[in-house]
Structure formats: structure tokens, C-alpha cells
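So, here's a batch of structures to check.
Each of the next two complexes has subunit A plus one more chain, namely subunit B in the first and subunit C in the second.
For the complex of A and B:
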């Protein structure tokens, strides 16, 4: 059972990081910086709980806030660019943040043990949940509380004016600008919201793994972050969730048991290729999203 | 003097970065799409030649290079088929993601072929030196430089002196008008992918050969570096990619004499300087829209 709860934790945290990229992708921006905000969330929250003994319910919002401020600050210069330029600029930002944590050393003696981020070795002994005796199931439930909260928030946002503005910018910047939408404000806000969500994801990640190091926040993580919403489709938050369950649950956990770990990544790349050729707008594309909505919500005309 | 020596080495080897940058920029110029799998395909081509070299022991080095270029050309065509041919151009995210899938696929193949560690690769005249006053220049670096320049000149001749080149430039400028003139978009795009693949395979082989090692980590490293070169040079600009490649090579080797750890950080810093001061790149046109 613990194995399943562990899987639920992974899927939950990856859904959050996928959703953080979902917000930014809605405005048509491809960001490779989500792993950086994820890292900031992880380190900041872990330092707050482990070094200074704060409650996790305070540490997570603070971590999200720090990640959000960083995203906002980085957003202003970075969002002057589009397309390839933005991919490279955000990738450079992500790598710079990773290099920072690679060299970041700040330890405090706690009892006879030194705790804190120790450069390349990473940050060990994030024992918040263990010290309080939480079981794996309880931790998973705690993580999913946040997943559901964020999904509900974004689901509501998609239906509100904010969502319409974000999508307008994503579909056609020129048209959006000519109806009076401030492009920079919208893009930087989306970037900041995405940063805050990634920060929450990082905070949860740091506390359930108990040990973070800089390698976890590289280009691969940033790629995963944008892969989930693109594979799942940008029409619904549930697309991201389905893509995470598909990749993390099916491909990474169960496929190796079926065919052996050797072939896993080969098949992983091929499946992405196949999915994009067959469903270029994601697994849940606008048409499927409409059909699904029709099942639950009666249209006013019918 | 150490610094001058390092910068000269950097410029000589930087021509391989320039080739990778040209590959990215060529595809971007023609299709206005990013092919993230390009650098991985180049290294995969080099690994194909490595397998051939390990299999037939006495393969001459020029032949190894040709095999690498040919294999990468074929991979370029395959990438075109799987990531661009059948995906509607209206969904740019889908083609981007498909090339990421291809990148993961190729990287995994490289990991399998290399057993997860760097492999020996045939060098060209590894011990020959050319002493020039206080400078001591490796002859194989000069060979790398010469081959790269020859490849670039060949590419420019192809682009500006042949019918295929005219078609390629026409498609880059105005795909619809080019089609109206009877140019096949499909064939021109495919030819561009093969051309850039051949250049990349040559660059991959020379990167391996000048170090006499082919690292399994190269696909990702070269992807990041190639993108940086492309952006610094200006999107779609071939002269820009050449200058940027030399610049990145020189900065890298120059900083390396001071600190190896700071090397990658400095290259990242370089790109931020360019993004802030000259966002269109060295030779790029301003107001670039994708």
C-alpha cells in the first residue's frame, strides 16, 4: 500500500509542476524556467521548516511567494522575447538557478548534527513529516489537498475573464493587443502565477523526499514541466493530470515491470512522437473538452 | 600568453559550434520552427560512425567522418518525417514537443551504444604540434577549422549557386509564393533537414575527434550550446551563427584557464548580456516574430 501512496505523492507533485507550466503556456509562451522556481520553492521551504522550525503551513506560502517574486522579476526582461529566444532565455535562467544551488552552502548546527543546504551534496535531513510521525498516506493526502485546490482554482480561472484574456494572448497577440489587452502585464502575471504554483510543488517535493539536490532541477525537469500540459492539451486542467498519470504512473512505474527498464526511455520518446502526430493539440483537445463538458453541463440551448 | 593561446584554441574549435548553430538556424530560417533534436541527431551520427569504426578496425579517419555526416543526414530526414511532416504547422507546440520526444529517444540510443560512459574516438594527428613563437597550436585544431570553413563555403555555394538553394531561400522568404512558383515545400524542407544534418554529423565527428573521446553527455550539452549560439548570432542568420560560434568557443576556452566551474556560468551570462543589449542577435533583424 505504501508503494501506491508513494506513487500518489509523485503524481501529485508532478501535476502541480505541470499546472505551473499550463498557466504560462496558455499565453503562448514556452518556458523552460519552471524547474528553477520548483528549486526555489524546495530550498526556501525546507530551510524554513528545518533550520528555523516553522510550521509547514507557513513555509509553503512563503516559498510560493519567494518563487512568485523571482518569476515576476525574471519575467520582465525575459518576456521581451518570443518563441526560441524565450526558450533559450528561460533555459539559461533555469541553469543559472541550478548552478546557484550547486554552490549554495549554508548549514546550522542542530544538536550534534549540521543541517542545511551543502552545495553539491544537497540538502539532507528535511525530516519535518518524520519528526511529526506522519504516515505516507497522510503525506499523500496533504499533497493532494494542494493539488485539488490548485486544480479547482485554475478550473475556475479558465472559465473566468482572466482565462479568456490569457487564451486571447496565446492565440493571437496582435488581436489581443488591439482590443486593449496589456501584453506585458498579462504575460508577467501568468509567469508569476506559474512561478508561485511551481514553488508550492517544490516545497511539497522537498518535504516528501527529505533530500533535495541540484541535479533534480535540471533541463530534464523543465522539459517534463512543459511536456505534461502539451501532451495533455491546453483546453482543460484535467489534460495535465491525465498526462502525468500516463507518464509517471504508466510509463515510469509500470512499464519497466512489463518490459524491463532497459527500453523505457526509448519507448517514452517514441510515445511522445506518436501522441503528437496523432493528437497535435493534446490528448484532451478542444473538441474532446467540449464533448466532456457536454456530458456534465447541459448547454443553455438544448 | 596562456590566455591568448586558449582564445586561439577556442576560436579554432569554436567552428564546430558554428556548424551546430548553422544547423539550428537553417531549419529555423526555412520552417520557422525549432528542431530541438538537431544536436542530438548530430551526436547520434558521430556514434554511428563510432560503431562502424569499432566494428571494422582499420577504418581511415576521413571515412569515419563521412559515415558520421551521412548517418546524421539520414537522421535529419527521419526527424523531418516524424516531427514535422504530418503534424499541422498551426500547432507549433506539437512540433516542439515531438522534437523533444525525438531528443529523448536519440539520447537513450546514445546511452545504450556508449554503455553510459565516454568512448574512445579516432583522432586526427593527435600529437602533431605547430610552434609559432610562444604559441603552441595543435595541428588537429587547425584541421577542424579548415574542414569547418570548407563545409560552410560549400553550404553557401549550395544556397546561392544552385536551384535547390534558390528554392530553399524562396521557401524561407515566402512559403506560399514559393509554392505558387511550383516549388515543392515538402521536398525543399526535407532537403534542408538533410543539409543541416550532414553539417551536424561532421561537427559531431570533429568534436569527438579533437578530444579523441565521444561523451554520452554530449547530446544535451550540445543542444544547450547550439541554441545559445543560434540566439547570440540572430535567428535565421548564417553569418551570425558563425561569428557567435567562434565567440562562444573563445569565451569558453578563455574562462577555462581561470576556472572550469565558472565556464558554463559565463556562457549563460554572455547570453543574458546579448538578450538585454542586443536582443535580435549579432546579425539578426529586429522585430523577430515567430
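For the complex of A and C:
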């Protein structure tokens, strides 16, 4: 059972990081910096709870805020880049942040133990949940509260005018400007919102793994962050969730159990290729998204 | 209302617009014509702040908008359509009109938060009005990308109008239309005059330009070569030469 709860934790946190990229991708910006904001969220929140004994419900919003400010600041220079140049620029930012944490050493003594980020060794002893005796199931439930909250928020945003404006910018920047949309404001806001969400994801990640180090926040994580919403489709937040379950659950966890060995790696790639070919606009493409919406709610314009 | 003074735009050595003086009065429907490459579309893009100007000034009412970015021009009351239709294809017809309500007037009416999230009552009424105007009410939930060409043209015009502009810049709105559609477009443009809008019409389709405008400016090689009523322009020798070559007789 604990295995399933553990999987639920992973899927929850990866859904959050995927959703953080979802917002930015909607404005047509491909960002490879989400892992950086994820790292900031992880380190900041873990320091707040472990070093200074703050409640996690305070540590998470603070970490999200710090990640949001950094993302907003990163958004301004990123505005000057488009397409591949933006990918490279945000990747450079991500690596810079990772390098920072690689060298970040700040420990204080707690009893006979020194705790805090210790450079390459990482930040161990993030024992917030252990000290309070939370079970794996409780931690998973805690994480999913945030997943559901963020999904609900983005679901509402998608249906509000904000969502339409983000998509308008993603589709045609010149047309968007010509109908009076301030590109700078929209793109920087998208970056900031995405940063805050990634910060929440990082904070949850740090606390359930109890140990973070810089390697977790590299290009691979940044790639996962954009892969989920792209594979899932940019029409609905549920696409991202389904893509995470597909990759983290099916491909990474269950496939080895089902077949195992070398064949798995081959099949991993094949299944992703297959999914993208069968559903080029995402697992949940605009048509499915509209049908889904129709099942649950009346047309917003009726 | 709109005044261009000595407006120039050079792309490298190409003088797309070269010392253009041009003024539009409130409530006028003005045509801007000229052969291909004469600088008409560039002029529209300069007015809307798409390109930075090389020299010269653009004034709109009391504002100097020479350096204003596109979204600010719209907020002041200048809306436009594009030569090649630029709709938001992944948004519905309704949403295309909904995102376009960003003028200073809207902001004042709805407040900051209302403009983004709420304020939907007013926004909806305004959207309904322009759905009606463009005869697209039945297609409101269709994705804009699925509309026919003529419908897309109508939607683009409606999207510009949904911003409640004072000045409307139409960049070849009749391109690709059949003569029946051109007739309907002419009626729509004339009805705008009744609503107190000012229109600058960039167009190749002479049937439309001669039918709806009160005054026409002719550009060639980025310079204004003639200005006058449709009748005067039709009789103008310089204009004939620009279009048909020197020595042409009609």
C-alpha cells in the first residue's frame, strides 16, 4: 500500500511541476527554467521548516513567493527571446540556479547534528513530516490537496478571460497586441504564476523525499516539466495529469514490472512516439477538451 | 484626429514610406490607395506602432503616438484589421471578441479586476452586439479557424470594433471577396460612419474605395502623389501613370 501512496506523491508533485509549465506554454513560450523555480521552492521551504522551525503551511507560500519573484525577474529578459533562443536562455538560467545550489553551503547546528544545504552533498534531514509522525498516506493526501487546488485554479483561469488572453498571446503575438493586450505584462505574469506553482511543487517534493540535492533539478527535470503539458495537450489541465500518470505511472513504474529488461527502454520511447503520433495535439486535444467540458458544465456563453 | 507629419520608414536602403504628410478628420472615411509596394500597409503598421518610425511624427487627437506600442494605440482608440487575416484560430468566435475589449474606455467602465475576471455582463453585451453586427451569432461557439474565409474577414472586423475604437484602420478588408461580399462590406463600412467612427481604408478593390470613401490619398514609392475626392482621383493623370505606367490612356 505504501508503494501506491509513494507513487501518488510522485504523480502529485510531477503534476504540479507540469502545470507550472502549462501556464507558460499557453503563452507560446517554451521554458526550460521550471526546474530552477522547483529547486528554489524546495530549498527555501526546507530551510524555513528545518532550520527555523516554521510551519509548513507558512513555508510553502513563502517558497512559492520567492520562486514567483525569481520567475518574474527571469521573465523580463526572456521576453526578448523567442522560440529556440528562449529555450537556450531559460536552460542557461536553470543550470545557473542548479550550480548555485551545488555550491550553496549553509548549515546550523541542531543538537549534535548539523543541518542545512551542504553543497554537493545536498540538503539532508528534512524531517518535518517524520518528526510529526505523518504516514505516507497522510503526506500523499497533503500533496494532493495542493494538486487539486492548483488544478481548480488553472481550470477556472482557462475558462475565464485570463485563459483566453494567454492563448491569444500564444497564438499570435502581433494580433494580441493589436487587440490591446500588453505582451510584456501577460508574458511576465505567466512566468510568475508558473514560477509560483513550481515553487509549491518543489516545497512538497523536498518534504516528502526528506533529502534534496542539485542533481534533481537539472535539464531532465526541466524536460519532464514541459513534456507533461505538451504530451497531455494545452487544452485542459487534465491533459497534464493524464500525461504524468502515463509517464510516471505506466511507463516508469509499471512497465518494468510487466516486461522488464532492455525491452522496456525501447517500449518507453515507442509508446511516447505512438502517443504523439496518434494524438498530435495532446492526449486531451481541443475536441476532447470541449466534449469533457460539455459533460460537466453548460457552455459559458449560453 | 489623426495627423502624420513627415513620416518615414526605411528598411535598410528601401524607403517604404518617405516623408508622408497625411491627416484624417473625425468622422471621415478616407481611402489610402496605391500600387503594390507603395507603402500603404507599412503606413498602417507605423500608425499602430508595429514598427518604430525612422523619422516624422504621428499624432492622434492630443496624444503623440509616434513611439506608442500597439496595445497602447488600441487603448487610446485605434483598432485595425490585417491584410492577411490574423484571428485567434484556437479560440471560439465569442472568445475572439471577448479578448479584444482592452480600450481605456473598457478599463474605466470595468475597473482592473473586472476587466480580467468579472465585468462579464458588460463584456457579454458588447460581444453580442458585434456578433449581431457581423452576422456571426449562430457561429459563436465555433473555433475561429473553422470559419469560412468571408466569415473570418467579418469576424476580424467585428474584433476590431469590439475594442470600441474611435479610429478604424482597415488593411485590404476586401481582398479575396466576391462582389456580393464586397457590397455587404461597403454597407458595413457606411454604417460605421453613422456610429461616429472614423475609418482609414487601405484597399485595392476600387469598387469599394470609390463607393464608400469621401477622400482618397494615393501613395507611390512611399510618397503621396495625389489627394482628393474619388472623382478627382479618377481623373488624376499622376495616379493613372502610377498604376498603368507613363503615357497610358484610358
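Some notes on this structure:
Simple rule for what comes next: the second predicted complex is superposed on the first by the 292 of 302 C-alpha atoms of A that agree within 3 Å, B and C clash if a C-alpha of one lies under 4 Å from a C-alpha of the other, contacts with A are read in each partner's own complex, and residues count from 1 in each chain.
In this text, contacts are C-beta pairs under 8 Å (C-beta built on N, C-alpha and C of every residue); 3 or more make two chains touch, one makes a residue touch a chain.
Only a predicted model underlies this, so the values are computations on that prediction, with no experimental measurement involved.
Because the two structures share subunit A, they can be overlaid on it, and in that overlay subunit B and subunit C fit beside each other without clashing.
In the superposition on chain A, A:149 contacts neither subunit B nor subunit C. Between subunit B and subunit C, an angle of 80 degrees opens at the CA centre of subunit A in the superposed model, to the nearest 10. When the two complexes are overlaid on their common chain A, residue A:53 makes contact with neither subunit B nor subunit C.
In the superposed model, A:277 makes contact with subunit B only, not with subunit C.
With both complexes superposed, B is the one of subunit B and subunit C in contact with more subunit A residues. Looking at the shared chain after the overlay, A:80 reaches subunit B, while subunit C stays out of its contact range. In the superposition on chain A, no contact is made by A:294 with either subunit B or subunit C. Within the superposed three-chain model, A:266 lies in touch with subunit B and out of touch with subunit C [touch as defined at top]. Put simply, subunit B and subunit C get as close as 11 Å, counting only Cα atoms, in the superposed view.
Touched by subunit B in one complex and by subunit C in the other is not one residue of subunit A. The residues of subunit A lying in touch with subunit C in their complex are 160-162, 164-165, 167-168, 171-172, 174-183, 286, 299, 301. Residue ranges on subunit A touching subunit B, taken from their complex, read 25, 30, 77-78, 80-85, 87-89, 91-92, 95-96, 99, 219, 223, 226-227, 230-231, 234, 262, 265-266, 268-273, 276-277, 280-281.
Of all residues in subunit B, only 28, 34, 82-83, 86-88, 91-98, 100-109, 111-112, 220, 224, 227-228, 230-231, 235, 264-265, 268, 271-272, 275-276, 279, 288-290 touch subunit A in the complex they form.
Of all residues in subunit C, those touching subunit A in their complex are 48, 50, 69-71, 74-75, 79-80, 82, 86-92, 94-95, 98-103, 115-117, 120, 123-124, 140-141, 143, 159-160, 163.
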